[in-house]
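Have a look at this one before I ask anything.
Naming follows writing order (A, B, C, D, E and F), and every chain is counted from residue 1.
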C-alpha cells in the first residue's frame, strides 16, 4: 500500500557509482512527506557523453518509468535532458530534466548564468537545448572542464581544482551572476564553490527534486494536448516490441 | 523563537479582500514544515492595473519585507512582477514574482503557453517581461478578459464564463498547450478550467509558494554579484528617508 | 567493387509501403552518377508520430548506417529529423534530415514559408527544431492536416483535398511565399500543389537527395570537432551491447 | 502666458550638482524656439545606482511632471530610463529616457554599438532594457568604468582616463562602430572622446532633447491605447494619497 | 554663401508629383533655422515597388548627394530605406531612411506598432529591414492596402478609405498601439487617421526631417569605422565611371 | 540548340583575374550533365569592398542574366550576396548567393560556424545578412584577415598564412565547428585549411554551384508570390532606360 507520494529519479546511464551518488544527493534533499526512488536502466551506456550515448539511454529510462508506475513524478538525471520529450509523451506525470530545472532556477536567482559541462563535445547539445527552451540569451557562456563523466569523482581533488579555475575564469571574463554545474556528477562540488565565490552555484539534482515535489503538490501534470499527447497505438517490432504503445 | 521556516507572500495592493483571497490559496498549498505570512502594504493603490499603479506599490512591498525580516523567502503576488528587481536588491533571501514562476512552470509542463490577463492595458507590460526574461518565443498569446482586478471576485460567475470563453478561443485559434492565468485574483478558477479543458491551467500564487519553498530548502539565494548587489549607502530625503540604504 | 558514389536513404519506420514510396521518389531524382540505396530498420515502430516513436527508430537507423558502410552520405527520411544528431556522431559521412533540408531550400527560394505536417501532435517538435536550427523567425506557420502518417497514401484523394484546403487557408491568412510538406508520405502531392498554386511546394526527400549529392561532390563531411565528435569508447550493456562504440 | 514650447528635463536624483550639470548640457543644445526646464525631485535618493534606488526616484519624477504641466515633453535623465513606463501612463505628452534615445540614435549612425556605464551593478538593468526594447542584438558589449555616479565629475581627469582606456579596450576587442556613454554624468566627456577616436560618442541628454523637440514639432504623443492608457481611477492611501489617479 | 544648415531630402524615384508632395510635407515641418532641399534623381524608375526598382534608384540618389555637397544631412524618402547603406558609405554626413526613422519613433511612443505599405510585394523587404535593424519583435504586423505607389494620390478618397479600413482591421485583430504608414505617398493621410483613431499615426517624411535636424545639431555623424568606411579607391568602368570613388 | 542544362555564375566585379579564378573553381565542380557559364559585368567596380561598391555591381549582374536567358540558374559570386533580392525579382529561375549557400551548408555540417572575410569593413554587411536570413545565432564570429580582395591572390603565401593564423585563433577562442571563407577569392585555400585543421572549411563558389544544380534538378524556382514578384511595368529613364521592366 502506497502512503507517501514518490519521486523517481533516474540516472540514465548504467554506472552504479553514479546512481549511488545521485541517490545520496537526492536523499539529502527530499522532503519528509515524499519518498525517493533512485534507479538506473539495466541496459545501455555506462555514461552519457554526447548525442550517440543519449539515444541508447532513453529506452532504459522508459523501462524504469514503467517499473515505477506509482511514482508521482520522474526526474532524468542527465544534464542533456536525455529523452525528456519522449518520457513526457509516455506518462502524464511530470517529468523533469536536471538541465532545464537548473536553467529555470538560475532565472529565479539573477538571470545571467554560465554553464560548466564535462567535455567540450557536450557544448553544442546544451546550446541547442537552451535555444529550444527559448532562454539562450540569458546564458553568458557554456564551457567545459575537459574531464570525462566517470572520472569526475575518481579524483575529486583534480575535479574541484579544475572547476575552481573555470569559475574564476568565467567570473573574470563574463558578466555572469550564477554558475550552473552541467553534470549530475558535479553535485558534490556545488556547496564549496558557492561558499568560496559567494554566488549561487546550481546543481541540477537537488533543484529538480524540489521542482518535482512542487509540481506534484500543485497537481500540475504534463500537458497532453499537442506535443506530449499519449503515443498512438501501433506496431513496434524486434527488440522494441515490449515498448509498443 | 523562530522554529519553522517561513515564506512571506505580499499582495502589493491594499485591498484586504484580495490579501485574504491570496492568504486562503497560500495556506492551502504551503507545506507543513513551512509557515506562511500573508501581508500587504499599509499604503499605496488598492489594485494594480498598469505601470503607474505599479510604482506606488513597490515602497509598500519593501516595507513589508522589512517588517518580516525573518522570512526565508518573499513572494510578490502581482502578475506584473511589480518591484521584483528592487526587492531582490534589498534582501539576499529569494524573492519571486508570481508571473515569472508561472512562466517557468509552464516551460516544465509543455512549453507553448498563452496568458490571460485582466485588462488589455496590461498586455504590453507582460510582453515586456517575457522579452526581458528571454522566454517570449514560448508564449503563443497574451490576451485579456477585460475585467478590472477588483471585479474579478465580485461576480465570480461572470468571471468564470469569460475565462471559459477565452480559453476556448485560445485553444481554437493557437497551438497552445497550457493556460497561464495572469492575475492573482483568478486563482480560484484554475482548477475548474483545468478539469474542463484537460490541460494545465497555472495560477501563480500556488506555484510561486512551492518554488519559494524549493529555493529555501536548496539554500539558494539571489545572486548579489551584479544587478542585485546590495544598495550602496547614500542619502535619501523626504518621504523616502526611511528607505535610505 | 564499388564504382559509383552512393546515397543511402533510410525510412526510419518499418512500413515497407512507405519505404517503397520513398524509394520511388528517390530513384526518380537521383543523379545518374550516384547509386541510391533505400532502406528501413528491421525493428522499431511502423510510423513516427511524436517524440515517443522517434526514440525507438534511432537504433534501427544506426543499424542501417552500419549495414551500408560504403555509402557516401545518409538521409533520414522523417520530417522530425529523428536521430540526426546521433547519426552525425556515429559516422563522418554527411547525414541529412529531410526537415532541415526543406527549411534550408525554402530559404533559397524566398524565405517566408509555412509547414504542413500530418498530426497536430508533431507541431511542437517541428517548432523546437526550427528554434534549434535558428530559423524559427522565417517560418510563418506550422500547421497540420490531421491525417495519420500511414493513412496519407491509403486514400490519396482525401489527402490531396485536405492539403489543397490547407494551402488555400495558409495563403489567405499569412504572408507565406512557400509551402513545405512536413512528412515524407506527402511527397507525391508536391507537384500538383505547386502547379495549382504557382508557388514552390517543397518535399524533403528529393531536396535532401540533391543536397546529399552536393555535399559528397564537394568533399564536405560533418564536423567532428565538438558536438559530432566520434562517440567515446565505453561499455554498453543489454540489448544495446551491439551498438557499443 | 506661455509663448514658447517647453521641454522639461528631470534629473531623477536629488543631487543639485548633477541637476546643474544636466541643465548646462541641456541649455547648450536646446533650440531657440524651445524653452528648457531642468529640474529634479525634492525627495528621494541622491544618485541612482541599481534597481533599488530607481524605485524611490519615480514618485519624485512624477511630481516634477505634475509641477510642470505645461511642458510639451518630458525627459528622464537617467540612463536606466527609470520610471519611463509609469510616466508615459501619467501624461499624454511624450516622455523620453536618455538610455532609449541613445540606443535609437546609435542605430541611425551605424548600428554596432557598445555601452559604458558607471558600475557593473547596472549592467543587467541595461541589458534588460535592451532586450525589452528589442534591440539587444545590435549591442556588442555593456561594460563599466567602476566609478560611482557622484564621483564621475569630482575628479574629471580620472574619469576621462578610465573612459579613454575603456573605449580603447572596446575598439580593440569588439567590432563596435559607436560608443554610448551610459550615464548622464558622463556627458562632458563625449566630445573629447569623439574627437580622439573619430567615431560617434553618444551622450543621452543632448540626444533626448533633440528627439523630444522632434516629437513635439511632429505633434506625436505617447499612444494611450494599451500599455500607456491613463491610470484608472482608484484609491491610493498613505504617503501616496497625493498621487491618486 | 551658406548661412543656414540644410537638410536634403531625396525622393528616390523620378516622379515629380511625388517629389512635389514630399517637398510640401518637408517644408511644413522643417525648422526655421534649417533650409530644406527637396530633390529627386534625373534618371531611374518612376516609382519603387519592390527590390528590382530599388537597385536603379540608388545611383541617382548618390548623384543627388553629390550635387548637394553642402547639405548637412540627407534623407532617403522611400520607406524601403533604398540605398541607405551605400549612401552612408559615400558621405560622412548623417543619412536617414524614412522607414528606419518611423520604426525608431514608434519605439519612443509605445512600442507595439503595425506597418501599412502599398503592395504586398513590399512586405518581405520591410520584414527583412526590421530583422536587420533588430526590432522585428516590436512589430505586430506588416500589411498592405494594395494600391500602387503612384495611384495613392490619384484618388485620395479611395486611398483614405482603404487606409481607414486597414487601420480598423489592425486595431481589431492585433494589440497594436501605433500605426506606421509605410510609404512616403501616404503622408497626407496621417493626421486624419491620427485624429480619428486617437493613436499615433507616423509618416516617415516629417519624422526623418526632425531626426536629421537632431543629428546635425548634435554634431553626430555616421560612424566610418567599419561598415560605412569611405569606399576604397578603385577603378569603375562604363556607365558607372562617374561614380568611381 | 541547347541540350544540357546550364548554370550561369556571375562574378559581380569587372576583374577578369577573379572571373577566371571563379571559372576555374566552377569548372572543377560542375556536374557532367550541366554546362557552366562564368561571366562578369562589362561595367562597374573592379572589386566589391563594402556597401558602395555593391550598388554599382547590380545593374551589371542583371545585364549578365539578360545576356544568358537560357541558363537554368544564376549564382552571384560575391560573399555579400550583392543584388540577390533584385535578381530574384528579375527572373523566375533560381538565383543563389555564395554567402547564403555557405551558411546553409554550414548548418548541414554542424551548425556552429565562424566566417573569415577580407576587410573589417565587410563585417557589418555580413552580420546584417545573417540577421536578415534569420541564422545569426548559429554564427560564432565574423572576422577578417585585412587583405583587400584583389590582393588575395597576388601573394597567395601571405594570404594562406593569414588565413591559417586566423583559423587557429578562431578555434582557440570560440566553440566553432566549421570555418566559412567569406570571399570568392579565398576558394583556393579551402582544401589546405580543411586538411590541416580537420574541420569543414567551406568556400561558397563550389557549394552554390551544387545547390544551384540541386534546385534545377528539383524543378524548384524562386517564389514569385510576394517579395520576388516580377517587377511592375513602369518608366525607367536615363542610363537605366534599358533596364525598364
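Rule of thumb we're sticking to: a contact is a pair of C-beta atoms (placed from the backbone, for glycine too) under 8 Å apart; a residue touches a chain by one contact, two chains touch by 3 or more.
Worth saying up front: this structure is predicted, and the values here are computed from it rather than measured.
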- Task: List every chain that touches both subunit D and subunit F.
- Result: A, E
- Would you identify the chain whose Cα-based centre sits farthest away from the centre of subunit F? B
- Query: If you tally contacting C-beta pairs, which pair wins, A-C or B-C?
  - Reply: A-C
- Item | Identity of the chain that, by mean CA position, is farthest from subunit E | A
- Message: I'd like to know which pair from D-F, C-E or E-F copies the B-D interface, where a copy means over half of the contact pairs are the same by residue number.
- Response: E-F
- Note on the structure: dist(centroid_CA(subunit B), centroid_CA(subunit F)) in Å evaluates to 52
- Task: Indicate the whole-number Å distance between the mean C-alpha point of subunit A and the mean C-alpha point of subunit B.
- Result: 27
- Message: Counting only Cα atoms for the centres, state how far subunit A is from subunit D in Å.
- Response: 43
- Message: Going by the contact rule already set, what residues in subunit F reach two or more other chains?
- Response: 110-112, 120, 123-124, 128, 131, 134, 136-137, 175, 177, 226-228
- Specify the contact topology among the chains shown, as one of line, ring, star, complete or other. other
- Task: Throw together a list of every chain pair that touches.
- Result: A-B, A-C, A-D, A-F, B-C, B-D, B-E, C-E, C-F, D-E, D-F, E-F
- Message: Touching residues of subunit A toward subunit C in the complex: what are they?
- Response: 14, 41-47, 49-56, 58-60, 62, 83, 85-86, 88-90, 120-125, 128, 131-132, 134, 148, 226-229, 231-232, 234-241, 243, 245
- Item | Footprint of subunit E on subunit D - complex, ascending | 29, 31-33, 94, 96, 100-101, 104-105, 107-112, 133-138, 171, 175-178, 191, 194, 198-200, 202, 206-207, 210-211, 213-215, 217-228
- subunit C contact footprint on subunit B (complex, rising order): 110-112, 137, 175, 177
- Write out the stretch or stretches of subunit E touching subunit C in their complex. 120, 123-124, 127-128, 131, 136, 142
